[in-house]
Every structure is written in C-alpha cells, then in structure tokens.
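By written order: A, B, C, D, E and F. Residues from 1 in each chain.
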Amino acid sequence: MTTTLIPNNTLMTETPEEGRALAVKLSRLIIKATQPDEEARNKMRGVYANDPAMLISIGQVVATEFATIAAANNYWRK
Amino acid sequence: MTTTLIPNNTLMTETPEEGRALAVKLSRLIIKATQPDEEARNKMRGVYANDPAMLISIGQVVATEFATIAAANNYWRK
Amino acid sequence: MTTTLIPNNTLMTETPEEGRALAVKLSRLIIKATQPDEEARNKMRGVYANDPAMLISIGQVVATEFATIAAANNYWRK
Amino acid sequence: MTTTLIPNNTLMTETPEEGRALAVKLSRLIIKATQPDEEARNKMRGVYANDPAMLISIGQVVATEFATIAAANNYWRK
Amino acid sequence: MTTTLIPNNTLMTETPEEGRALAVKLSRLIIKATQPDEEARNKMRGVYANDPAMLISIGQVVATEFATIAAANNYWRK
Amino acid sequence: MTTTLIPNNTLMTETPEEGRALAVKLSRLIIKATQPDEEARNKMRGVYANDPAMLISIGQVVATEFATIAAANNYWRK
C-alpha cells in the first residue's frame, strides 16, 4: 500500500491554524513514505523529540511546507 | 490537549515588529507540538541557547517563517 | 545512459497528491544522477531510512521541490 | 526588557546596501532574543567567527532575511 | 582563467528536463569556482557520492537552483 | 572601516553570469563582515575548499542569494 502524501488531496484549508496542522502532517507523511516501518519510526521519535538540533530542523521543514500552503490559500486574507 | 499552532489563528499583524514576534512564536510552537513535555523542552533550552550552531539554525527557521508572514502582510507597505 | 531528471518532462500534475509524488521523485533522481551505482544507493537507503536527522533533511528537500511544483500548478486552485 | 526585533519597525530601506545591513541586524537580533546574556553571546562569537561551517550558515540566514527585505523594497528598482 | 558560472549566459531552457540539468550544472560550477583544482574535486566526489547526508544536501542545493530556473521559465507553461 | 556589503549598491546586472558572480560576492562579503580578520579568513579557505560538505553548503548560500538577484532582474527576460 502506498502512503497518502496529502490528506484529502488538497492544499486548501479554512484557517491558518488548519494550514499549519497540514504543514506538520505533510512533513510527517514524507518520513512515513521514506521509512514505512512503524516501529522504526516510533524508535526514532524518542530520539528527535529529545535532540534540540533535530527539533530545530523539524521546525525548518514545517516552515517550508507552510510557506507553500499559505501561498496556496492566499494567506487566508479576507 | 492539542497545542495551538498559530495564536489568534491569523498571520496578519499591525507592524513588522509584531510580525517578527509571531515568526518566533510559530517556530517555538512547532517544537512544543513535537515535544509536548515542558521539562524536556526546558532542559534543551539550556543546550541550544549556548550552542552557536543551533542558535544560527534557529535564526534560519525564524527567517523562513518571517518570509511567509511578511508576504501575508504585503510587507506592511503603506 | 543519462538519468532522466523529470519524468514526462513536465511539472504539471492533475492533483496535489501527484504533485507531491513528483517532488519525491525529483529529489530521488538527483541522488541517482549523482550516484548512478544502484548497489551503492541501496546500501545508503538502509542508512538514511534509520537516521532521524537524514529523514528530516529528506523532508526538507521534498518540501523545497514541492514548493516549485505547487507554484507551477498554481496550487491546483479551481 | 524585551529585545527589539526590527529596528525602526520597518523593512523599508533607501538602498540595497542598507537593506543588506538590516538583514544582518535582523539575524543578530533573533540570536539576542534567544540568548539575552551578553557575555554568553560574546563567548560564542569567538567560536563561530573562526568556524567556517558556522560562518557559511550565518551567510545562509542573512541570505534568507535579505530575500524578504529585497522583496519588500521591490528590489529597489527605479 | 575565471570559471564560467552560467553556460550560455541564460536561465531560459526549452524544457523542464533541460532546466533541471541546468540546475545541476549551476550547482557544480559554484563548487568549481570555489575549488578550482580538478584533482581535489575528483577526490571529494568519491566522498560525497557515498555519503547519504551529503547526497541529500546536494539535492537541497539543486532544488533551490531549480526553483529559480523554473520561475524564470514561467514553469514552462504552455 | 565597515565592510561594503553590496558592490555598487545595486542588485541589477546586465547578464545572468554577472548576477551569478554578484551572488558569490554577496555571500563572501557576509563572511568578511562577520570575520574581518583577513588572515583568519585565508586559513579557513583552505579548510572549506577541501571539505565537500562545506562546499555544498556554500552552493546552498549562493543559490539563495542568486534567487533574489534573479528575481530583482526579472530573470533577465528579453
């Protein structure tokens, strides 16, 4: 089975908060697609959640994904 | 309880200074969402605040978040 | 034989999901072009798939490729 | 006291040179906000100023900040 | 002799595939300009071609160069 | 004496090749501004010019600077 890479197959969200959650989701799904073994991922979670350099890198990935999602939603301007 | 990822659920700010503070906030909230344990985060703060390479990486994340917020606010042009 | 760098020679996709899959594909094809030896690549796959820092970095590359593909497709707006 | 994050609370500058200087300033103010202790920062300065990998990373942060400032100023086109 | 940094002095290409190849080329020419000694570069090629973290970083550089080239070519939209 | 950060105080160039050279120049001037001691810089040059990971990182910085310069020049489209 192939990993779904974008839930609901859309970048559009109602709010910035949902857009941010989508950015987190997209970044995790790439890791899932690259390492499909759930146990292996869970073991690594304990590593990166306690490693400040990795946490910062995760923040970098999410920021990059969010830039795309925010542009797609025209920054949720009214 | 889920971590709020964007305070007030908006990217819009009155000024660049507030936009910058929001960029800092957004980057911290991703770390909080990834490592919800407050004690664990506090312990890491002592590490990254004294590690020049990590401080630079934090600057990179904030710069990326700020790029999105600044574009959302049309660079606060008058 | 030269590695194909962009399948079907286009950035256009029908859906965000396909665009995301293309981003993954593009990032892999650069690695293939840089290290054409399949056995060498397979050996490295076992390394990066179990290294959280590298998995995060892969997420960063995919996020960057996806930004371009999403812009090319005008974010699949209807 | 809170660190000011953007001097004069504006991204607008008269010239590219001033925009570049602002990019340097913004990147330093994030470090200051994250590590408010001046002595700690001064000690780290001696480290990163002699570490080529860190100097390159600083260049990356400044390049990212500058991209935003340059766009804000419409690239100082006449 | 100075290294040429952009072959044919243009970012325009006929196709995405050629644009991608140009991105690879541009990234290599920066390394050539920074390390003009061919023997030194060849020695390093054996290192990075077998180091997964470096291969991923190369992918990051190419993705960034390609973003610019793709925008320059208006994403080769018909 | 303060380091000049942008030669001729402009992002505009006649050609892509000159734009690329400017990107290299800008990235070097940030390093110069951060480490003004010429001898210290020369010593580091021997390090990063023979370190593949650092050479790749330099390529990343130049790619980011070039993105800004290319946009400023509207990609030198005719």
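Assorted remarks:
The criterion applied here is as follows: a residue touches a chain if its C-beta (ideal position, glycine included) is under 8 Å from a C-beta of that chain, and two chains touch if they have at least 3 such contacts.
All of these numbers come straight from a predicted model, not from anything done at the bench.
Between the contact lists of subunit B and subunit E, the overlap is empty. Farthest chain from subunit D (centres taken as the mean of C-alpha atoms): C. Different-residue interface: subunit A and subunit B share under half of the residue numbers found at their contact. Fitting subunit B to subunit D on CA positions gives a rotation angle of 60°, reported to the nearest 5. Subunit D and subunit F have Cα centroids lying 16 Å from one another. Rounded to whole angstrom units, the spacing between the C-alpha centres of subunit B and subunit C is 27.
Shared contact sites, meaning residues of subunit A that touch two or more other chains, fall at 48, 53, 57-58, 60, 64, 67, 71.
If the chains shown are joined wherever they touch, the resulting network closes on itself as one ring, and no chain has more or fewer than two partners. The ring of touching chains, read from subunit A in the direction of subunit C, comes out as A, C, E, F, D, B. Only residues 15-17, 20-21, 24, 48-50, 52-53, 55-60, 62-64, 66-67, 70-71, 75-77 of subunit B touch subunit D when the two sit together in their complex. If you check the complex, the residues on subunit C that touch subunit E are 4-6, 9-12, 26-27, 30-31, 33-35, 40, 44, 47-48, 51, 53-54, 57-58, 60-61, 64-65, 67-68, 71-72.
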